[in-house]
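Below, subunit A partners subunit B and then partners subunit C, in two separate complexes.
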Partner chain A sequence: MTGAADKARAIIESYDGPALRIMEVCGTHTHEIFRLGIRGLLPPQVRLISGPGCPVCVTPPGFIDEAVMLGLEHDVTVCTFGDLVRVPGTDMSLAGARSKGARVQVVYSPLDAVDYARDHASEQVTFLSVGFETTTPANCLAVERADAAGLGNFSLLTANKTMPQAYQALKGSADAFLYPGHVCAITGTRAEEDLVGQGVSGVVCGFTAPEIMCALAIILRRSQEGRPFFANAYPRVVTREGNKGAQGLVARLMEPCDATWRGLGEIPGSGMRLRDAYAAYDARRKFDLPHVEGRSNPACRCGDVLRGACTPHDCPLFGKVCTPQHPVGACMVSGEGACSAYYQYGGEQL
Partner chain B sequence: MSDTVMLAHGAGGRQTAELIDTVFKAHFDNPHLTADDAAVLPRPAGPIAMTTDGFIVSPPFFPGGNIGKLSVCGTVNDLACMGARPLYLTCSFVIEEGFPLERLEQVVSAMSATAAEAGVEIVAGDTKVAGRGQVDNLFITTTGVGEVMPGTHLAGDAARPGDKVIVTGDIGRHGCTILLARDEFGIDADVTTDCAPLWGPVKAMLDTTSDVHVIRDATRGGVGTVLYEIAGESSVSVELDAEAVPVAPEVRGVCDMLGLDPLYLACEGTMVVFAPADVADDVVAALRATDHSHGAAVIGTVSADHPGKVIMRTSIGTRTLLPQPTGELLPRIC
Partner chain C sequence: MCVGLPAKVVRVQEGTAVVDATGAQREVSAELLDDLEPGEYVMVHAGVAISRITSDDEDETDALLEELS
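Here is the complex of A and B:
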């Protein structure tokens, strides 16, 4: 291990300051922190809370209902990443829709969906465009490619989200955020730096054991200074400006909109939708979908988990009726979901 | 003769006989393979082990092997896991109409070469041809008979606290190879399957000591799945040392890119061995001196705590539960 990592570890293990709640926003962080056993290093007064940074988890049931509607009522081929297939909608998941005859195609990239549309000219093809700033550029690129190829049968059902508004909405839930390194690689860090002025603290964090330990050590040190702070602990990938090419692509094709997050409700300006110039590629407008108000299983506490208001163990369904094999809530479906990580790695029991 | 397999090749008439003579007999020739309805075989001295396995891998040809080699290795290795010297195999083919004869020859030739290496005779077989689209290229089922070596008592419920857990080589290569051979990810990497007949390594171990508790080949579901199976069957836990698990750099690279864990990728030439601590070093030394197991390593220890669980000691020395395998990572892999 590197010298910096050893130092970080010593800071973490010897921390004797006040209680701290640190929210790891990103689902990949949740997963890696469990996989690396990093919770085992933390003193008892430091709590890691899993936040809303898994795109599958924060996608509300109404979005699944819209996708099901496209597949069953509009005869559209729904292309999607695999995780979303099993996320429950109000009445059924996409797997359920598939068993009733909907065409649901699992792809590994939005560009695969464009290829599918090109190869299946007689079908209408919609890609389920979920994700944060990291994945949104690829979704925009898919539209740009489809547009260049003149594909009239390709569209996106958008549920793209942006993180900075969520940090503000979650301000009271945590004392500091582990900011998602992949998102910041695209966006740069200006938004997170500006949040310091509003009393929000956080550190941009990478994904290896030394990077995560260093970010945590910085939070433990800086929070003792008694004022809000920001630091970039992932400088090998994240710059202040971010990826200008990706930012420009998204700005050309998309504009901000209000968005509904599972667990957090509607957050103004936290979503992205296609601009009017690209309305022909927007499945909602193309197929004139009605507004859908989806409903979750009332006993499922995914919403509280995503806000950091409870841990998966506090949910009455967790590990009993809700397991990775039979998920009730989205957080158990996704490989990045907090419930799935707690279930797979045995929570904090070891 | 036509250059593809036709429905008539499976109809039992002249063309069937022609296919058997020119392809199967030409490669599998041995004194026990006759034109009669069943092979008549000498009885071995010890108890016999018998097993059967179906192979439907997609694609049927991949770097380092093909479905034919796989169909011999899979069954031979299942016998070897029970401490049985493989003696005889039967094979049953279901071939899709239109499958190129040249490719069939390659499959059969690989089976013959692998059988020779494993010291096993192919003594009976069957061929059926199915209509186009009814099977994916070809399916092969092999059944094997072996003679259990005296003094061995290998079983999945025989792991004991204190045992060392050994792998016979680096893990996850077959699963990774098939994943890339499907060409769905646009990733090029120089990965070849580990597919190999493993009676040699098993014999080398058993010649060193008969005190080996469990041998299991880490096929579908990979090493992680086998560890959970044995932990459950033996009511023990396995403490796995993440840093000690051998993984080829190219497999590691592909896995990092795709977010996969090599512990759950299939192996077709790598086994998991549980042996008492006092013989573990000798077992590893014997394996390392034998073909197909030069990369053998101790990867963990068996304990009585947390029965049924696999606990991983991470790269930073913390402990975490190895996630339970949740099902097929890839269908049609072997």
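Here is the complex of A and C:
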């Protein structure tokens, strides 16, 4: 470990303050913290709990149902990040739809989906636009590019979400948040700073070992002051203003809407959808999709895991019926899901 | 899907940049960052450069921890 990490480690290990629950909002943090063995350094009264910061995990089954419907009933080529392919919908996943003849194309970037649409002019192509503020600008860029190229065969199925409303909804679940660094790279940190006024504490956190340890050290120190606090522990990437270009782009193409989060239910104003001017690129309007409620497996506790109300170990299916090879819920499917992290790194003992 | 990849800018042209992430080169969108220059480091997410990286994480964490003690 480096000098900085050693210093942070000393602060963490010597903590003797009150019990603390720290929520990793971002699924990548959950995985990195496990992978780096950071949980083992924490004193027993400090608990890390997983939060709702994996867009795949918080996307409700009804969204998968809509995507399946596009693929099977509307002959649309569904382009998506690979994580979504095996997430169960009410009756089937996209992998299931593919085995019934739907065209499901995995891409690395929404921009690749636009290239695909350009190269396959005879197909209708819909990109599954899930993600938080980090991903939403890329989705908007895709629409802008398709629009500039006059592509009539490209659209988005949106389930984009914004984080600040989720922090509010989760206020009582944690004493401090590890804020997701790449969301803040886009949004800046004003929303998180404002939350201090409402009693919500947290630190913007990067993704390397020294950065995560440093953010935890700051939380442990500042918690002892007994006042709500905010710090940006990722200033090499995150500024107070954020990425203005990205913010402007998203505001031009999209507007806030209510959104349903797996585990948190409907949170007013926490979603983003395309504005009327871009309705031609909105798959729901283009294909006149009905509203789908969707149902998940009643035994799956993803919803509680995402609120920090239980750990994956509390789910009776964990590691037995539900494994990364045979996932029952989104939290086990996604590479950033809490159940997949616990399964991969946590063993049975945590 | 939310994983960011730090990368060095190799070339910039008309809204795109060729970046090098630990030896692998790929083209990404540079439309969200003004006046990107070769040699700068950026965070890449889903094929888009989303922010500049302005220092080393070591320097940064050192400085932050100084403030704490």
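Keep in mind that, in the parts below, the second predicted complex is superposed on the first by the 344 of 350 C-alpha atoms of A that agree within 3 Å, B and C clash if a C-alpha of one lies under 4 Å from a C-alpha of the other, contacts with A are read in each partner's own complex, and residues count from 1 in each chain.
Methods note: a residue touches a chain if its C-beta (ideal position, glycine included) is under 8 Å from a C-beta of that chain, and two chains touch if they have at least 3 such contacts.
Please read these numbers as outputs of a predicted model, since none were measured by experiment.
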Look at A:C214 in the shared chain and tell me whether it touches subunit B only, subunit C only, both, or neither; answer first, second, both or neither.
-> second
In the overlay, answer first, second, both or neither for which of subunit B and subunit C A:Y108 touches.
-> both
Partner chain in contact with A:L41 - subunit B first, subunit C second, else both or neither = first
Looking at subunit A, does subunit B or subunit C touch a larger number of its residues?
-> C
Considering only the touch criterion stated at the top, classify A:V292 as touching first (subunit B), second (subunit C), both, or neither.
-> neither
Once the structures are superposed on A, label A:A246 by its partner contacts, choosing first (subunit B), second (subunit C), both or neither.
-> second
With the two complexes superposed on chain A, say which partner A:C310 touches: subunit B (first), subunit C (second), both, or neither.
-> neither
Figure out whether A:P137 sits in contact with subunit B (first) or subunit C (second), or with both, or with neither.
-> second
Once the structures are superposed on A, label A:M92 by its partner contacts, choosing first (subunit B), second (subunit C), both or neither.
-> neither
Check the residue A:G346 against both partner chains and state whether it touches subunit B (first), subunit C (second), both, or neither.
-> first
For subunit A, which residues belong to both interfaces, subunit B and subunit C?
-> 5, 108, 213, 335
Parts of subunit A lying in touch with subunit B, wherever the complex brings them together | 1, 5, 9, 34-38, 40-41, 108, 209, 213, 324-325, 335, 344-346, 349-350
In the complex formed with subunit C, which residues of subunit A make contact?
-> 2-5, 7-8, 11, 26-28, 53-56, 81-83, 108-112, 130-132, 134-135, 137-138, 141, 180-182, 185-186, 206-208, 210-211, 213-214, 217-218, 221, 231, 233-239, 243, 245-246, 249, 334-336
Subunit C to subunit A touching residues, read off their complex = 1-4, 28-29, 31-34, 43, 45-48, 50-58, 60-62, 64-65, 68-69
Which of the residues in subunit B end up touching subunit A in this complex?
-> 184-185, 259, 309, 311-312, 314-316, 318-321, 323-324, 326-327
